[in-house]
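Paired with chain B in one complex and with chain C in the other, chain A is shared by the two complexes that follow.
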Partner chain A sequence: MEDNGVCPDAETDAMVLNIFGRHGFPTKKLRRMTYWMPKFKNLSPWALPEKIPTSNLEVAKLAVQRMGSVDPATEMEIFQTSELRDAIDDTWIVSGQSATQRELLAKLQEKKTVFVEGAFPIWLRRTSINYFILRSDPEPLSEEDQKQRAQFDYDDVSQLRSWILGQENLTRKDIIIEPSVHEQEDGTILAVAVTGTCSKDSLLSWIRFLEKKNPNLANLSILFATNSPLGEVIPAIESSVPVNTVKKITDTSDL
Partner chain B sequence: MYRFLTSNICAPSIWSRRINFPVVVPSSSFHEIRKNGYEDKNRKKVSPRQAIRDGLKELKKEIKNWTEEVKEGCTLDPIMGMPLPGEVDMQWCFNESIDFDHWVVTSDSDHNEGYSTSTLSVSPTGKGLFSGNLSTQLVRDGKVKKAGYCNFKSIRPQKSFKRDSFHNWSGYTHLVMRVRGDGRSYMITLGTAGYFDVNWNDQFHFALYTRGGPHWQISKIPFSKFYMTSRGRIQDMQEPMPLNRITSFGITASDKNNGPFRLEIDYVGLELDPSHKETSAYEQYKVPYFYAGY
Partner chain C sequence: MASYKILTSKSLIPMASRISKSNSARTAQFSSSAAMYNKEIKEYKAPQTSAATEVKKLQRPPFGKNLFLGKFDTDILAFPEVLDKERLQTLEELVAPVEKFFESIDSKKIDAEGKIPKETYDGLKALGLFGQQIPTEYGGLGFNATEFARLAEITALDASVAGLLIAGNEEQKAKYLPRLATGEWTAAFCLTEPSSGSDAASVQTRATLSDNGDYWIMNGNKIWISNGGIADFFTVFAKTQVRNKMGEMEDRVTAFLVERNFGGVTHGKPEDKLGIRGSNTCQVYFENVPIPKENVLGEVGAGFKIALNILNSGRFSMGSSGAGMLKKLIGWTAEHAVSRKQFGKALMEFELIQEKFAKMACTVYAMESMAYLTSAMLDTYEEPDCAMEAAMVKVFSSEGVWNCTSECLQILGGLGYMKDYPYERYLRDARILLIFEGTNEILRILISLLGLQHAGKHLADMVRKLRNPTANPGFVVKSTWERLRRNPKNPKLTLQLNNFLHPSVKVASELLEKRVLQFQMAVETLLARHGKEVGNKQMDLRRVADVAIDLFAMSAVVSRSSRSYCIGLRNAQHEVELAHSFCVEADLRCERLITELFGGDLTTQDLAIKKIAQTIFQNKGYCAEHPLKQN
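== the complex of A and B ==
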């Protein structure tokens, strides 16, 4: 029972008690399971339905929702490549982008490179699915900031200011906008997507769909990267012939 | 009595799927082997003379360490009261300068009990990376019933002259980790080995859930949520973690999913949250004598 995540109930407890007796190992084991399993059952902050659906589209929706949970303003959209005129593949694309990410994209300068990287796997209990990201390089810190970060010493007491003598604190007074959760040290994540066929053509279609809400994307140079600082990449399928949906479910039993 | 119970009861161990092997190692001597049955059969036998020579080589370094300790004891101010609330005190920072001698990486393939592989390395972004391939395929030797775990842990801190020491984390309430996972659940293991041999394998476990995706996550787990196990078998009598006697920190991947796993770690730190008053999350019930494993 414990291997398959089945929590005991009162009926099972009564059955085991009647068959094996009060002072036996089976009853003790079952009562231990009744104590511990409910405590661990719903601990994950990213809740998943009891039965993960088998269709790739549903799994993709769950994955994009899960990855987008980092920013409450994330919106999930589903596109069909058949809506585009010159798309070769006919597939669905689940894309997640938040308003903050759209603003970050809009602020990027002309001719700046953004990378479409992927595919990375994400696991949802027993199934895994591949996703792609749209990433731009991180903003380099100004010279002053870099110097300050490199030389900062928390234990330095040589520059203590005393309010009694009327000395003001040395801390900076300028106000900056707090960096969003998408601006990381290895890049700014601008959007996340899962496509039905993990092919380059579907990624092109994704970019075209993104351009509708992010007009600045047309001014940027988009690179399809084969390696990424975010990790090992499963390369997107290159062929122009439409491929069957790439399913990556590793175990038939679904929990 | 404790040993009898643990060797005969199939106590449910929800998170750990380790292999069953005899708890009591049959041996002719009374000396208990700390490595719990995994003896290194290929270890080279060193002659006593050579052993003395090797020991004397280390003497200089150990005396230097000891003098450093004495100096620190005389000059260092003791931490008064509690650490700064709300501030994360970093314990281990994973970057390009990881000292791999301080970390032990194991998996079930080490002793031919499975086919999983794992490595601890530096990720392309310059952070620590624990990755590998988990396989639940069984080895066909008739003894192995379950397989599939990969683990890395810190070595036990030592004082001068190779004396075993502890991490002293008293005063803190939360363990804070900045990680980027792949959606899989990992298990955090805090070893709290005691003085007596029945307590050598005391550990405290809890799950590390990862969101997956390209974003980093900060997991802040209170120490009161960790549950006590002995060699991975969850114990009936739970108690708050002895924060002044932590021997090791480790992360295990054993979620029964066949496939590659990848966990990037930025830092592991400690925090004091004054609003957290819970000491242990697991309520205890009165049971008849000799029922619960002690």
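== the complex of A and C ==
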């Protein structure tokens, strides 16, 4: 039963109990399975429905929701490229961005480069779908900041300052601002998207949609990268033929 | 899930007994509980073919009342599963359209205008919600207590509608039930009068038997009757002359079923209320209403008991309706806390906000657990004696809802205060929960008196001897020695409740056990201290009730989280954390109350409170001189 992921139920328990008795290995094993298997079934914090939907859009929504779960303030938006004038493809785009990421984007200086990287596969049980990210280069702490953090005086209570008391211009000497979860060592992830077609054109449309809430994007230079420091990339296609098929492993049952 | 019953089976118990210290009394306890599990296994041999297989009702002693004697019915610790898979499925399927319907109700408009639109009424009728507890043979939905509680979670989203539905569910006559079930007729419960609110036995509405004995003539008026303006059918409680055992005529309350078309029934204008404004509440006047004698509900003179039964049967659902409403509110508030930024951080990163959410979650968890435990007891016990438990659920839930709604409003800050957001409406609607269906003060007295009455029967001899120490010196010395040996501050945990629960709730169960044992000692102390006068010592009764409520809540919470963890539900670890957190808080509350009960006047402010109150009443108000006054 455990090889095929079948949870025991009351009838099986009654059968095994009647055949093998209360004190034998089979009953004990079954009771242990009854205890642990439901637990493991529900253990994943990223719950997926029992049957993964076959439609690409639904799978994309699940994928973006899962990726955005690192930041509770993530908002998932679904765009249709038909709303844009210049779009060649007619497809949906599921995009996930949180308020924190928007702030990080807004803080980027003019002419900085941001990369649209992809497509990376994400697996939801036995289904995979490709997604793209908008990434900017990582900003390591400046020398000054690093020195200040190392020398932060935790013992000094003579000058307690706080924003609550109305004191402005709190410097690095008073508080340490932790980096958000989006700022990683290999880059700052600014947004995540899954498109119906994995084409360059759909990505362009995505950028256009992002510009509505992130006006600073217009000042940045956007590069469509074929390599990525984040991992192996399935390159975006040039043509507009819809190709983002959901790959499924179909030899065994879909768990 | 059915797997839960397998897990509470005998093969796990020997493991637990090997861990605990052996004791002949305890093994006896285990074999008796093992016998109970044996019974369950036997029942599973027969495959459950149809839903018609009736579950055999259990004969259990009253849980709450026995807490006063230190007897903890460990059956509670296996959180009862009332509905089998099929019924649960049917219930879930019924819940979905009801939820959708309630989402479409414009509650803000109902609140502003003070009435429920006809489309809403029709929608409720179509869903069959007017006949939730009416048996299916009369056209109702035939819900048992658990299903009723589940649906109450959704109907709570619009409190006016919930009030409408509660008033229509109690009668048992075939004549009226079909029409009530379809919602063709609405019912109203008429008990309160201008001079008798909490004191229900002092109603002044009178019904006199006519000369030929065929019908009663009723005169009187009732106030604050929900659905008074729209009901066609009233359950009215009136005083009648009854010949008692001694042969004298005395006044007793009788329940009557009165139809509006009997004539003489009029109603006043709808009251303008603080909350549940969509619910029609008005005065109802009865002027020489002729009531046929078949319309007496129950026996003549037995009306008071019927009133209490009716009120009891609706009380426990307040727990689940409160929980349902709060779950929605907490969801909206959490979304707000996650996205709103102040001082550069989202609200959710501030500890005070985290504390608020955690406390709210613990309260809601306790509310739900208590409500469904009570509904399960009502469904599975033969002749359930759950008046005390229902009252406990009502008191805890009403205060919990009021406090949590207030906190949600607080988290939203200024936005919460605005009428554009629903929080202030929920707060106003929640305020009535502490008042109707028995005010919380009365219910606290009820809880403690029910328990003390039960305990008094068993402890009568002991209390008499303790109160007459000079006549029973040996007994008093012996019992004092026993009490000291038992160490009231830290009693030895003899109940071994943790053997019936998953080890992850061990600490919580030990806290519970300690307070149960201390509570028993406190009850004995109280009865010995006051004797028969204990009924008047309301401040002590309030403490007793608060401890009892906390103990019941702790038991419900610990039992439910243990079950969730055993069957491996999602977020079961989180439930265990909620349970533990709740038990620690409840334990702290009980600590203070029990100390006050043990210590009596030495540790409490009771005498000072009485003195201060007396001065205030003599001076008809606050009487300290103004701080600026100069002599």
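Convention: the second predicted complex is superposed on the first by the 187 of 255 C-alpha atoms of A that agree within 3 Å, B and C clash if a C-alpha of one lies under 4 Å from a C-alpha of the other, contacts with A are read in each partner's own complex, and residues count from 1 in each chain.
The definition used in the following text is that a contact is a pair of C-beta atoms (placed from the backbone, for glycine too) under 8 Å apart; a residue touches a chain by one contact, two chains touch by 3 or more.
This is a predicted model, so every value here is computed, not measured.
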item	value
Touching partner for A:18 - first (chain B), second (chain C), both, neither	second
Which superposed partner A:2 touches (first chain B, second chain C, both, neither)	first
First (chain B), second (chain C), both or neither touched by A:41	second
Touched partner set for A:225, first chain B, second chain C, both or neither	neither
Contacts of A:99 with chain B and chain C, given as first, second, both or neither	second
First (chain B), second (chain C), both or neither touched by A:78	neither
Per-residue contact with chain A, leading partner among chain C and chain B	B
Which of chain B and chain C A:233 touches, first, second, both or neither	neither
Which of chain B and chain C A:28 touches, first, second, both or neither	both
Touching both chain B and chain C, residues of chain A	28, 36-37, 39-40
Complex contacts: residues of chain C adjacent to chain A	1-3, 5-7, 9-12, 41, 44-45, 47, 338-339, 341, 343-344, 346, 348, 566-572
List of chain A residues in touch with chain C within their complex	7-11, 13-14, 17-18, 22-23, 27-28, 31, 34-42, 47, 72-73, 99, 163-164, 177
Chain A - residues contacting chain B, complex	2, 25, 28-29, 32-33, 36-37, 39-40, 43-46, 63, 66-67, 69-70, 120-124, 126, 128, 131, 133, 135, 181-182, 184-186, 189, 192, 228-232, 250-251
Chain B to chain A touching residues, read off their complex	9-12, 14-15, 123-125, 182-185, 207, 209, 211-217, 234, 236, 257-260, 262, 264, 281-282, 291
